[in-house]
Amino acid sequence: MKKIGIADTTFARYDMYRSAADELNSIGSGFRIERYTVPGIKDLAIASQKLIENGCDIVLALGMPGPEEIDKQCADQASRSLLDVEIKHSVHIIEVFVHEDEADDDKGLGELADNRAREHAVNAYDLLFRQDRLQRMAGTGQREGHPDAEPIR
Amino acid sequence: MKKIGIADTTFARYDMYRSAADELNSIGSGFRIERYTVPGIKDLAIASQKLIENGCDIVLALGMPGPEEIDKQCADQASRSLLDVEIKHSVHIIEVFVHEDEADDDKGLGELADNRAREHAVNAYDLLFRQDRLQRMAGTGQREGHPDAEPIR
Amino acid sequence: MKKIGIADTTFARYDMYRSAADELNSIGSGFRIERYTVPGIKDLAIASQKLIENGCDIVLALGMPGPEEIDKQCADQASRSLLDVEIKHSVHIIEVFVHEDEADDDKGLGELADNRAREHAVNAYDLLFRQDRLQRMAGTGQREGHPDAEPIR
Amino acid sequence: MKKIGIADTTFARYDMYRSAADELNSIGSGFRIERYTVPGIKDLAIASQKLIENGCDIVLALGMPGPEEIDKQCADQASRSLLDVEIKHSVHIIEVFVHEDEADDDKGLGELADNRAREHAVNAYDLLFRQDRLQRMAGTGQREGHPDAEPIR
Amino acid sequence: MKKIGIADTTFARYDMYRSAADELNSIGSGFRIERYTVPGIKDLAIASQKLIENGCDIVLALGMPGPEEIDKQCADQASRSLLDVEIKHSVHIIEVFVHEDEADDDKGLGELADNRAREHAVNAYDLLFRQDRLQRMAGTGQREGHPDAEPIR
């Protein structure tokens, strides 16, 4: 039985946890989910570390940085810290960030957040249970939330 | 009995410690506060570490970066270092920074600093004593100091 | 018998693994290749660490960052994390990144990716088996993927 | 008997060590000073670490970054590394940087460097010997080298 | 008998190793030189670490970043990683970078690279054998490769 951690924030405007958990449960079994909610994206690194210390085999870190310049700086700090935790514990943390300026309106933003959370949930499942599937898709321009890119042959 | 650390600076132009401590004491009990004052925001990381080494279960790091480009760089350095300390000790540090250019005048700046310190004091309390409250607010666009954002359903 | 790790991504639009592996096998022997495929460039650091933990003597980290500003930031985060893993384990990781805006069209991008992967595969081989060859080329303006620069005498 | 380390550079155009040491000696006693001079600001982190390894209870790191864009980048690297050393050893390092473009001419720059070194020497003394003094000044807009800012009541 | 490490790259367009080694040998004795050549500046950190692990008492890291924006980013990554290695091992690493856009033509660039490598070789020698010489030059505006700046009295 594997454990998948999901860290999310009260700052985000969309409940990406529901999308990720729903997708995971629709793919397969052999795991259970543990959740840790924090105020903002800068708190996701320690949330992920606490999930790992609590036995999680992989973590999804869900966040929605704002559209301002300072938000980009915060997102950068949060990302680097997630990477630090990942390397410290040698456990995959999949960063699932949706920037508020990636969509034109709330409807588009909600759809993007839902899609990206779902597609990265599949990535988490693949890293845990079926790495060969990732290897078959290597170099093929996979994108999460947006349409895939064209592979160059 | 939990211990909440509060690190603050002589550089800041508003006494955010008073706001945070007042708010904490108004929410509940079961904790005591320890304070460590340093010159500037770059000193908040080591101040937070010393509070943690002294037994604090969570830390609020209060700072007011200036409005210039170099101040943004200093704030970025300070933030990253706070994250490093957090990960090193696996103890939450809540960064409460108020940038001088976030408000139009001193009155607005003081109100923002007071509000943000108070709202993050609640976050600290929630992380320590009532994590379920944070989970119920996940993905709902909570903002500290400014009005909350609209959740996307 | 040495082990050469190759980490690559499903995000990349060109299969650089094939180029690197093909080049390595054409240079010599005395090694075998282990592959680890992850979703994106930010996952290359932990992929490289897992390859090192699994006994690899050197790692090639293959990635294709997108052309947007946010992609540059992600590439920067990924690079720094690769450096952290390298220093932590004292094992060479050769970063082989091809930025989508380095070429005018897909044909040029594919050729660049193929060339760069091959030339860095030679670098990996040299670092493992023939360091004297690198020393003889020191200060001579070697470039990977693009034509070499002129040495200044 | 405490030990105060002072790290400085041959790159700086003003002898800030003299200012800091003179100020320290004029405030009080109970300490002695150890000095370590390095070429440039990027060497201040290891200089500070060596002073700490040699028993210093606090360190003043004195530097004068140049006015160009690349100098800002170097100063940023130097600052981050100073923070890393601080956190590694849990010893305060007070960064005293004077940027060449902070003053209009050499006279102003010299005065700024002298003032800032002296005011941060007082901070170092306060952190070591009278932390209550810092606490009383919390949130009052203290500035080092420039006139203090107005506190917001 | 001390050991001075020199790390250099095949990417550089000028053989700075020869300048540094020649200068070191002309200053004095009591040391021997060990060299480690890598492909690019991002490999200098691990090269320096390997030299330190091999017993070097100080390291000169020689590199020539290109003139593009992406090259500045790579140089920044390389510098930070060199600082990390320095702090990890508490051994001085002197970064000797010559940016391609620091000179107007190849002749100027070659002279700058030669001068900077030589002047930093003297710094390395001073840090190892005559620290008092550095202390006497503290705050005097020393520059490596370019003419010294005016000290402010």
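Letters A, B, C, D and E mark the chains as written, and numbering starts fresh at 1 in each.
Assume a residue touches a chain if its C-beta (ideal position, glycine included) is under 8 Å from a C-beta of that chain, and two chains touch if they have at least 3 such contacts.
Note that the coordinates shown come from a computational prediction; the quantities given were computed from them, not determined experimentally.
*Asks:* Would you pick out the chains that touch chain B and also touch chain D?
*Replies:* Chains in contact with chain B as well as chain D: not a single one.
*Asks:* Roughly how far is chain A from chain C, centre to centre by C-alpha average, rounded to an integer in Å?
*Replies:* 25
*Asks:* Distance between chain A and chain D based on Cα centroids, please, to the nearest Å.
*Replies:* Between these chains, centre-to-centre, one finds 41 Å.
*Asks:* Two or more other chains in contact with one residue: find those residues in chain E.
*Replies:* In chain E, residues 80, 84 touch at least two other chains, as defined above.
*Asks:* Starting from chain B and heading to chain D first, what is the chain order around the ring?
*Replies:* B, D, E, C, A
*Asks:* Quick one: which bits of chain E touch chain D in the complex? Just the residue numbers, please.
*Replies:* 72, 76, 79-80, 83-84, 86-87, 90-92, 94-95, 99, 120, 123, 127, 131, 134-135, 137-144, 149-153
*Asks:* Contact residues on chain B for chain D in the complex?
*Replies:* Within the complex, chain B touches chain D at residues 8-18, 35-39, 42-43, 45-46, 49-50, 53, 70, 73-74, 77, 80-81, 84-85, 88, 106-107, 109-110, 113.
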